[in-house]
Every structure is written in C-alpha cells, then in structure tokens.
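Two complexes come next, and they have one chain in common, subunit A, joined by subunit B in the first and subunit C in the second.
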Partner chain A sequence: MGAECNCNCQADSSKKIDELLSQYRGNPNGLIVVLAAIQQDNGYLPKDLMIRVAEELNVPLTDVYGVATFYTAFTLRPRGRNSINLCLGTACYVKGAPEVHDAIEKELKIKAGDTTEDRRFTFDVVRCLGACGIAPVMTVNGEVHPRMTAEKVSEVLSKYE
Partner chain B sequence: MSITYQDLEEIRSKAKEKLAARLGKDPADEFKYHVLVCGGTGCHSSGCQAVADTMEKALNDEGLANSTKLIQTGCMGACQLGPVVMVYPGAYHYCNVQPEDIADIVNDHLKNDKFVERLCYRNGKGELQATMPEMDFFKKQHKIALRNCGLVDPVSLDEYVGMDGFAALSKALKEMKPQQVIDEVKNSGLRGRGGAGFPTGVKWQFMADQEADQKYVICNGDEGDPGAFMDNAVLTGDPYSVIEAMTLCGYATGASKGYAYIRLEYPLAIQNFKKALEVCREKGLLGEKILDSDFSFDIEIREGAGAFVCGEETALMASTEGKRGEPRPRPPFPAVSGLFGKPSNINNVETWANICPIVLKGADWYSGIGVGKSKGTKVFALAGMIANSGLVEVPMGTKLRDVVEEIGGGIPDGKKFKAAQTGGPSGGCIPAEHFDTSLDYENLASLGSIVGSGGLIITDEDTCMVDLAKFYLGFTQDESCGKCTPCRIGTKRMLEILNRISKGLGRDGDIELLEELAYMIKQSALCGLGQTSPNPILSTLKYYRDEYEAHIKDKTCPAGVCKIRGAKKATS
Partner chain C sequence: MATVTLTIDNQKVEVEQGTTILEAAKNAGIEIPTLCYMKDINAIGACRICVVEVEGARALQAACVAPVGEGMVVKTNSELVRKSRKMTLELILSDHPQECLTCLRNTNCELQALSEAFGLREVRFTRGAAKSATADDIDDSAPSIVRDPRKCVLCRRCVAVCEKVQGVKAIGPINRGFETVIAPAFDQNLIDVNCAMCGQCSLVCPTGAITEKDDTEKVWAALNDANKEVVVQTAPATRVAIAEEFGQDPGTISTGKMVAALRRLGFNKIFDTDFSADLTIMEEGTELIQRVTQGGTLPMITSCSPGWIKYIEHYYPDLLPHLSTCKSPQQMLGALIKDYYPKNAGIAPENIYSVSIMPCTAKKFEAQRDEMNDSGYQDVDVVLTTRELARMCRNAGIDWDTLPEENYDDPLGMSTGAAVIFGATGGVMEAAVRTAYELITKEEMPDINLTPVRGMEGIKEATLKVGDLDVKVAVAHTLGNARKLLDLIREGKADHHFIEVMCCPGGCIGGGGQPIPTNLDVRLARIAGTYQADEELPIRKSHENPAITDIYEKYLGQPLGELSHKLLHTHYVPRGVYRKPEGLPDGGSEH
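Moving on, here comes the complex of A and B:
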C-alpha cells in the first residue's frame, strides 16, 4: 500500500462527497461507501479528507486508516496519469503473464504496485479480470489489451502519455 | 405504479411473442431478424462495442433498422470465439467478428438470407458448425443458471418476464406458504455453488426458524477465485434472476431487506444490477406490497473494495458494515447473528440463479438432474490450455474428459493433457489418470480436489506443477487478511519453501516440512481461505511428488518452466 502522500496537496471535497458525508453522519457503516467516492474523485485518499471522514462518521481515525489500507481499491498516494493493470489470474498465469510482468517492470523501471517518478504510469497486478478467454490480459486506463506478450509491452505503453 | 399478477401475465404473453424468434419458433413480432451481440466481459475485452456500433450504423444506413432487432446481451459462453454475434432465427453463431465483417453479415444474411460461412465455427476436424445447437461447445451443455445469459437484453424487464421471469415469485406469493418454498429448495438437493457445497434449503430453514425484528438476505457477488467468472456472467447477463431469487428467499425466511455485494472489478455487473434494481422498484417488484401481496422487500447494492477474503461470508458481512473485511469465528453462524448482528442468509450468485427454476418447476425436476448427492448443474469456467475456453454449464456428474475434449475441443497444438485444476486456490488438481472422472462434489473430494466455485483450468505437458502450486500460494499469501496466525505466517513460510524449491535451492526435508505446515494450517486457520490454502500443494504433492523431487534433488524443472541456474532441461 505504501506510505501516505507527503506533498501537502490540498484536496477539496466535491458536492457528491459532502452529500455522502451528511447522509452517513455519525454512521460508521458508510465508511467504505464514502472512501470509495473520495478515491474515485481524487484518485487516492488525501489525508485531510480521511480526517474529516473520521470526524463526521464518528469512526476513530485509526479505523479509517485500517480500512483504507485493507482494501486494494484504496491508495494513500496519488497515482500515475495512466494506470496499468496486469492480470495474474490462473489462466493468464499459465499463458505467459509472468513474462509480460517482467517486461513491464523492465520497461518502466519500477516494481508492481509503484508509480513512475514522472507519474506517467502506475503499474498494478490484479487477480482475474474475468476475461480468461483472451488471456493474458492487460488493461491501461480500463482499455483492454488481450493476448499480451512481453514483446508487445513497449509498443502498447508508448501510446499512453 | 405497482403492477399486479394480471399485469405481469399480460407483459409475459406479449414478451413471449417478441422472443419467439430466439426460442426456435417463427418470428411473431415485427422483426425479421434478431441480431445479438455478446456484451459479456470476454467479448467486451475483445472489442464487441465497436462491432455493435458498426452493426447499428449499418442497419440504419441500409434501412434495416425497422426489420432487424439489435440487442447487446450478457455472456454467451464461448469467450474464446469473441466477439460473438448471433443471428436469429436459426441461432447462427458468428465468431471473432470484427467491425469490417459486419458488411457481409448485413448483405448476405440480413438482406439475402444466406449465412456467412467464413465467420462460422469449425471444429478441430474442420467440420462446419454454423448454428449454436450444432456446435460441440454447446451440445452437451444443460443451461439452468445461465438460461437467460446471452439470450436476452440483460436490463429489459419485459424480456426477463418473457423467459418466465417473476413467475416463480408470483407463484410463491399467490399459492405457496413460506415453508413450502423452503421445502421445495431443500428437496431439490441444491447445494451452495460458491464452493462449500452446503445444502441451500437447510441454510434457509436455519434463518426461517429464528425470531427477529429484522433479517437480511445477502448475495455473495465477490467472486474472487482466479479463473472463475460465472457469477460475473449471471450478474451482468441476467441480473433479474438474482433479484427475484433473493426476493423469494426473503419471503420464505421472513426477511425484508437484501444486500447484493458485488466486487469492484466487475463494473458491468454493478451497472446492470443497479439498472435492474431501479426497474424493479419502479414496477413495484421491489418495495412495499410486492405484486399487491402483503410482502415487502428491497435490495441495496454494496460494492466491494478489492479484497479476496471478502468472499468469506463473515468477512463479507463485516465489509458490508463498512469495516475491514476480516472473518470471525463461527458459531454464531450468520443465520443466528449475521449482518448488523441480525439473522442473515447468504448465498452465492450461481446458487441464486438456480432458485427460480426450482420453485417454478419443482424439486423433483431439479433433483432428476445430476448424480448422487450432487444435484442439478454446475457452471465451470473453462480456461487455460484448451481450444474453446468459456463458460460451460453441465449436469453434475459429467465426465471431465467430455468437458475437455468434446465441449472444450481438446488441448491446442497437439499437446498432451496433464491435469485439470479445479476450485482455484482452495482446490486441487486432477491428473491425466483420472481423466474419466465424474465432476461432482463427492468424487472430486475423494480425489483431493473440490468443485469449489467452478474454476476449471486445463494444463498441458508444458505446465510445471510446482510452479502452479507456487502461483496459488502466492495468491492466498497475498490475500490473507492477517487476522489469524496460521494463515498469515503459515502461507508465508510455505511460499518461501516453494520459492526456494523452484529456484533449485530446495533442501532435503522440504517436502515433509511443506506437508507438516499444510496439515497444521488446515486444522487451525480461522476461515475457509486459510483452511483450504494448502490444498494446491497437497494435491500436487499427491500426484506429482516426482516433480518436486526433481527440483530438489536433481535441480531440474521437468517442464522447463522454473528458471534454475545451471539446470539441464530434463530429457524425460
């Protein structure tokens, strides 16, 4: 999951999040729903907003942090402009996804789970996208690249700035 | 505006006419052709949207829009052949359709009544199998859970009703007592399709027997086993069947509120399910006094946030409450104290998809399918080294060989079948010597594997079983929630041992150490994730111990997969 963001960026909450916060005021059951909305809006969970969520939903901040670090959908750091997800589900695995994985790491000079320094790419590994028929599968910003090979990595990634 | 029984029957008779062309009858509506474009995840990923858009434009340009009905459906099953386009009447199944192929379908088929042979399926022997009923992939299938997937517009209530949708609910509300509904499910012999195989009706009875001011019905749509995607297909392709089944369960067990927990990685499923919920509320099929009866029920959707362990029922409920998805010890069982501390009944998506046909056609019909204590059908997600991967629904007791060779079309490139891995990271493998085994709960358990959620990964001679075990352990280790020690540390230790074995650094005694750890974790882990995590190791050790020994003693990987420094490729 990695360390939290240290860049002191100020993230404003949107109207949607304000509404959700008032809908779940004092109700800890809404924690994941609210965090998911914040993640979607900002691409990560800014510290200030997590503190506000803790106060408004009446959840200890440690619990907010606990939930935020438990689920893979939540990140504490801003992500890259382009998000690569490589499927390492069984079907993709037996059809050569590990080689694609190594090729991406080599190309971007980062490990899975990390973001490149220029924030151009974040590279994550996912477990089964449910598209086993076209394995190995890689998605970039949700765009699907079926039947990936190590050789195709460079060319596919060059399309994303 | 709440609809009544009569309204429902009127919608049904009209909808049946409109569906006639797709049900093997003469078209009874204004359309000469129905063109169905598969919008399942597999086809979506291979570009079906562009195909559907091109088709829509072509129909408009050619002035065929009034005589051809264009529908985007859920998963049709043959994911390997996607994007798939089907043309009814006749159920012509066009494979790997690209936007540039649309002109031929429009000109030849829709204008001149001649099907496009080059886009049709040919089996391994090169024989043409142009229509769905002719295709080997579909011939031996028996669709119950997937009955509507790929045949209807997933979010159209009319089409669902036309396929006998909400007939089970209206039958139950009109003429059955709650206990009769439970008895029907009990007698059908249906068992949980999520993996554990617990009798569904018995579970319902536990909950019905509880006295409480509030009970909950939960749909487990957190399908996480890598290689399994049938729940995705049902939620995306036939969301109403899950909604109707959950409502039936609410009526049978005395619950008025449902939660559908769907994993975040399935955005299409969430989208279609949400839309279906809205339509049901609008028509009064959810909400107060459903179909003018005294029964009220509503469903709320909960999106998962990416944690495999949330497929475990107590973890799923914790997650629904907004907490970390960590399991807790049972008892108390969810039927006594579940979501928000209230009695709760949780079933898997595929289990839900079987409920309505059972209530409608009766327990005897359902229990007449299958073998022994494994009744009905099971959907398998066939993938890996197989010619036709996709979703396959077969009666319990179908032979593995039939699924691989006849439905799946065998192993490509003339390679040899090595093993089938069933049940994902909780399961085990079935080696070639048991190729004729029957796929059912008892039989797979006796071979050291499980039916599980229905992942069926085929491996060929180029697959290293140590590497495969390592893959699954890497998965469970990664997904272990960390609450209990045996799972958190035990899986880590087992993975370390597998890692060194696969690098050629294995030591004498490593196999025994793996076995000792495996049995200990099985006995002591808190939940199903941990308890079943050693299965891939135990089962590969059972059948492929020699491969482990080759890695450890001879420092070679017989399949040539593991990168062992200085290793010679084995000659065997």
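Moving on, here comes the complex of A and C:
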C-alpha cells in the first residue's frame, strides 16, 4: 500500500481531529466518533485520514473502510457545492434520461458519481424519485427540474454557482 | 456443569447448558446443514441455512447460534424447515454464477453439496437489476490466491480466519446490502495490501470465491517442452496430506506414491525439500550458536514460513534483525537446483525448469520475490500446492491406489526424520535441538523426542540444558500467536534464545494449499502421520544425513561459509502495514 494519496485531497487534519485521534489512540471504540468528526470537517473522508485512523486507533483498515462504506452518513469523495441527482428509473429512462445523463457528463467533464475539479457540482444518478409524471426528472440541491432534455442541461446548470 | 434435557426429532438429548442446538443435535447423531458456521471461529447466524423449528418460538431459529433450553422441543427437518432452507439456498443462488463445470471447486464445494442434499432442481429467482459482482471484479493480482467475488456467499468465514486466527484482516465486508463484497480496504488488489498470502481464507471458503492461483498449465507446458529438464521438489507436509485428495484418511503417509506419481507425470528429477530442511538445520543451527556465543541479535526467529515473513515485514519491520537469515528450505533447494545440480549433472542451468510442490500458497509469493535469484536465474519457477498436484494427477488419470512406492533421485533426495517434522508446528525447533545439542556437547542426546514443543497449543515453551547453557525456546503457530511473542520482544521481555514461528495453524500440515477440508481433526491426523514418518526413518538427525555431509565436503564448504552465504541466505524488506516505514533501510536484517 503506497503512502501517497491519490484522491486529490489536500485535506490537512485539523487540530480537532488530531486531538480526537490522540484521545482514542489504541481504542477501536472511537472509530465512528472519529470518522464522523472527519466527515464533518472535510465534507468527506479523505483516504490518508482513514489510514491514520486505522493506525492510531489500532483498527484494521478494512474495518475503517467497511464502516465508511456501510453508513450513508459517510462519503468517500469530496462533495461539490451543488448536488445534481438525475433519475434513471424506468419512466425517466424511456423518456430520454440517458441522453440527459450523457449531456451532463459532457457539460461537466466528469462521470456520474464524481465531483468537478472546482467542486462546483457533484453528479449522481438515482432511481425512481416518485415523480414519473414529469419524467425525465433532475434535481439540483433538491430543486426539481421536470421534463429534462439534453438541450436544457447547460442552461439549467448555469444557474448554480 | 449444569445440564439441560431437550427433545430433538423425537430423541431425548442431554447436553451441557449453553450448548447450541447444532452441537446438541450433532451429539445425537443428527447433522444440521450449515454454511456460514465454522466451529470455534465463525458463529454469526448470518446465512440461515441451519434453521430449525423450536416448539413455541415465533420464528425458525438458527441452530448454530441458538442455545438449548430445558424441555425444548426441536424439529430439524419438518416441512417448514425444509422449505425455508431451500428458499434460502435459492436466494443465495439467485446471483451465483452457475459455472460448476469449470469451477476450481467443482465436486468439492459446500454450495454444490447443499444443493444436492436439498434436492434443488431449479432456481426460481434472479436478482435482475440489482448490482452484483462481475467477471471484472475478479482479483488475480496476487501470485498466491485469486478472489472471485461473484462466487461469494458472504458467509464471512474468510474474514473470521484472517482476523481471529491470523490477526491480519486484509479482507472484510465493504459496502452494504446487495453491493456488499468481501475485499481489501478501498477495494484494492490483494497484492497491494498487508495480506500474508497464507491462503487460510482459501481453505475455509465454502465455494470457489477464494482459491489458490492455479499454475498447473505452466507446469504442463514445461513437461511438454523437450528442451526442458523439469526438476521437482516436495515439501515435508505434502506427503501426509495428498492421499486425502484420493479418498484416503488424513495423515496417511504417501511419500513413495507421491514420488511415483511425479515420475509418471513426466518430471525428470524428483528431489526432496526434506534434504534442504536438513541443510536449513545445519545453517540455522550454526547461525544460532554464532549469535549466542558472539552476542548477535536474540531471540533468533525461524524464517522457513513465507507467510510469516511477509507478516513480520508488514507489521514488525523493526524486528527483522531477529529473523534467521536462512532462506526457507524451498528456496535453498531452488538455488541448488539451478546452481549445484546442473554443474554436477553437466546440464545448462537455463534449461532447468524448477517446480516445487508445497502445502502453502505463500510459497508462490516467495518464489517470485526479487531476492530469490541467487543462482543467476529465478531459483524456483513455479510452486504448486498439494491441491494442484492432485489435480494434475487426476488430469493424467493416475490411479493413486495402485501406485507403487518409489524413491527420490540423487543427489538431493536423501533426508532424515528431523526434516519430515518440519511439517508440524514445533518440528523445526525439535530438529534444530537434535542437532545443536550434539554439535555443542559432542554427546548423544538422551531422548531426541522433544515432546513439549509438539501439538496444537498456540504457544509452547521449553528450557533445555545444553552443556552449561540453559537454552530457552518458544514455538508459535498462527500469526495471531506469533504476534504475542513479537510484542514481548518489542517490550524487551522475551528471554528466549530461539523461537520457531509457523504462519498456519498446526504448521505446514495445515497450510493454505492443503486438501480441503483442513480442520482441527484433519490437522491432528496429519501431525500424527508426521511423527510416525519421523520414527520410521533410519536417520533422525540432520547432521547425520550423509548427503548433507557430502554436499558440504564437495561443494558448499561449511555452514555459513561463502558459498552458503550466497546461495542459502537472504535478507528481508520492511513493508509496513499501510505505508512504508520510515528510517528502516531495505534489507535491514543483515547483521
């Protein structure tokens, strides 16, 4: 396992995290508390910090990663300021969501599940949002954009900084 | 101890309080099927294959975790139970690739066995859109074992062994729900993490989701190449296990049959790793005497077990100077097979293809380490596990039962009882003591059976009077037990002179490449076979092996001499657990 971190993070552990890590040194029971603090501090769990948690709390890294991927409260990648959810449920799918999907990827130059380099957007795909009547549906920060088309993508996204 | 009386399938059963329904039924001769359960190691009630009906209980109970109760009435095979088990199995199979015919575990798979026992004739469900692992998720990055998450039933037996027995936990459950897979952290490849390559996970996996990396094709190709002199060596622990693959009892000694089988497969020369086990004793014994008399790093720890070596490189790189610099017997013989043997036989070393038959998956990793090229070539080209050799024999249609007993070839085939016992925990220690005692005192050892270091206890200790010196020794098997001794060393509290560590439970006889199943009873039988083989041999001390005397006289010179140093000794690499340790030079063990 290399020492280098390839998740593009620049996250330095804050003083608070350092204190928590030393408070729970050698104590696996502190795992969730420490991870929650890191999540809050950074908005996600940077890889190098997860490795430090494993080392300092004396928890196998598989457990740290297992917990980090089990609870939805934890995210492994930095989130953008704006969060796009595109529905790929059946109704949206047949009404053209795949084209919208491709258009978003092209516009933002990222794949679904990722965040843009400038952290402006995170793009995720979801299943049926229960709004099939206005398919294809996209939400940005919870705001609903009905009857999306590939052409509308650029304009809609330009409203979010 | 208080006892409890209950009724299982109309039989009255009396058992100790706290017993599980599963164990109680077993006492009464009733086998309840299980999948995730593994005695003493994994009882998590996860798979629900073992459900039984308990009168008055609201739901079916998982027999592997449910304790018995006074007056309990249990039905292990009612209509309800059978339907539930079958449904559970069908759900497991709903996203299982049904590739039995081409699967490494075909005919030795617990999932197959359950389907057969339950009389399953169709699988009614498919997972549809739910995400499952695909062929892209197969991890064959490591030379030792392959993970195929498609075939994983999430029983977590591998995780339990890796964590509780080996203290490593290189793999664990990640993600949740349908997306759960058993994998290293960050879904990394096994070769990039702190896995010891011991293969204990492949021994306990009920399916083909973790297997040895099958290298038999490479060996077939070499055997078919008329320009190659294909030379093979067989490890001590293989001879008391391979017969199990052909339906014989665990512990059956089949040295001669194994040699005959190898000859029929077409190997040109059949040598014995036991020869280099004797050689190890000469080198390691001399090294120990030198360290004791000249103030070297003590305790000295054995270095025969490559899973153990990788573990200490990851977890205790600061303690590498404690390791003996001796290569493992496999690598000692590998170097001789491409250096001494071709010189002796007048063959070009580049035409030699060196194969070894090992009880061990970590040996596959060891053979391809950068350090293992002292002959000028890769000393061992391919390592096959006991399971793979058996596979080749079946492939070639060899009838094990009618095989004659044949002998190893000269000059690297002669060995002693001291070498055979390398296969069992405590064996290297016992073999070393048999020789060190006599070399130091120049007297015959009164009783060469060092029984305190034999058997399945996790850590064994003994103090022996050798001349004026009280020699204190310790023996550990499994990495979990090794860790306890290493912590003592770190704290400066270990006053031993010599410590033997074997990576696998029971030693090599319980190695990750041995026939499946390998459980406690099987291990004990193989250990018994090992000591029986020792007693049956005419020479039982390494220094009395005439072939050993011969190779020192004619070639090597003396133990720890210049040529020995070049061919038979090595150095180690500090790896760290999750990142490379700072301040420790590569090869830092040279003292």
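The working rule: the second predicted complex is superposed on the first by the 91 of 161 C-alpha atoms of A that agree within 3 Å, B and C clash if a C-alpha of one lies under 4 Å from a C-alpha of the other, contacts with A are read in each partner's own complex, and residues count from 1 in each chain.
The rule is short, and it goes like this: a residue touches a chain if its C-beta (ideal position, glycine included) is under 8 Å from a C-beta of that chain, and two chains touch if they have at least 3 such contacts.
Model, not experiment: these values are computed from the prediction.
After overlaying the two complexes on the shared chain, residue contacts for A:73 are found with subunit B alone; subunit C is out of touch.
In the superposed model, A:141 lies in contact with neither subunit B nor subunit C. Touch counts on subunit A: comparing subunit C and subunit B, the chain ahead is B. When the two complexes are overlaid on their common chain A, residue A:95 makes contact with subunit B while staying clear of subunit C. In the superposition on chain A, no contact is made by A:154 with either subunit B or subunit C. In the overlay built on the shared chain, the residue A:126 is in contact with subunit B alone; subunit C does not reach it.
In the superposition on chain A, A:51 makes contact with subunit C only, not with subunit B. Once both structures are placed on chain A, subunit A residues 63, 66, 70 are touched by subunit B and, in the other complex, by subunit C. The touching residues of subunit A, when paired with subunit B in their complex, are 28-33, 35-36, 63, 66-67, 70-74, 88-91, 93-95, 126-135, 137, 144, 146. On the side of subunit B, the complex with subunit A involves touching residues 41-42, 44-46, 79-80, 82, 223-229, 232, 264-266, 302-308, 319, 321-325, 340, 381, 383-385, 389-390, 421, 424, 455, 457, 459, 463, 468, 471-472, 475, 478-479, 481.
On subunit A, the positions that touch subunit C within their shared complex are 1-3, 47, 50-51, 54-55, 60-66, 69-70.
The touching residues of subunit C, counted against subunit A in their complex, run 163, 168-176, 184-186, 188, 192-194, 576-580.
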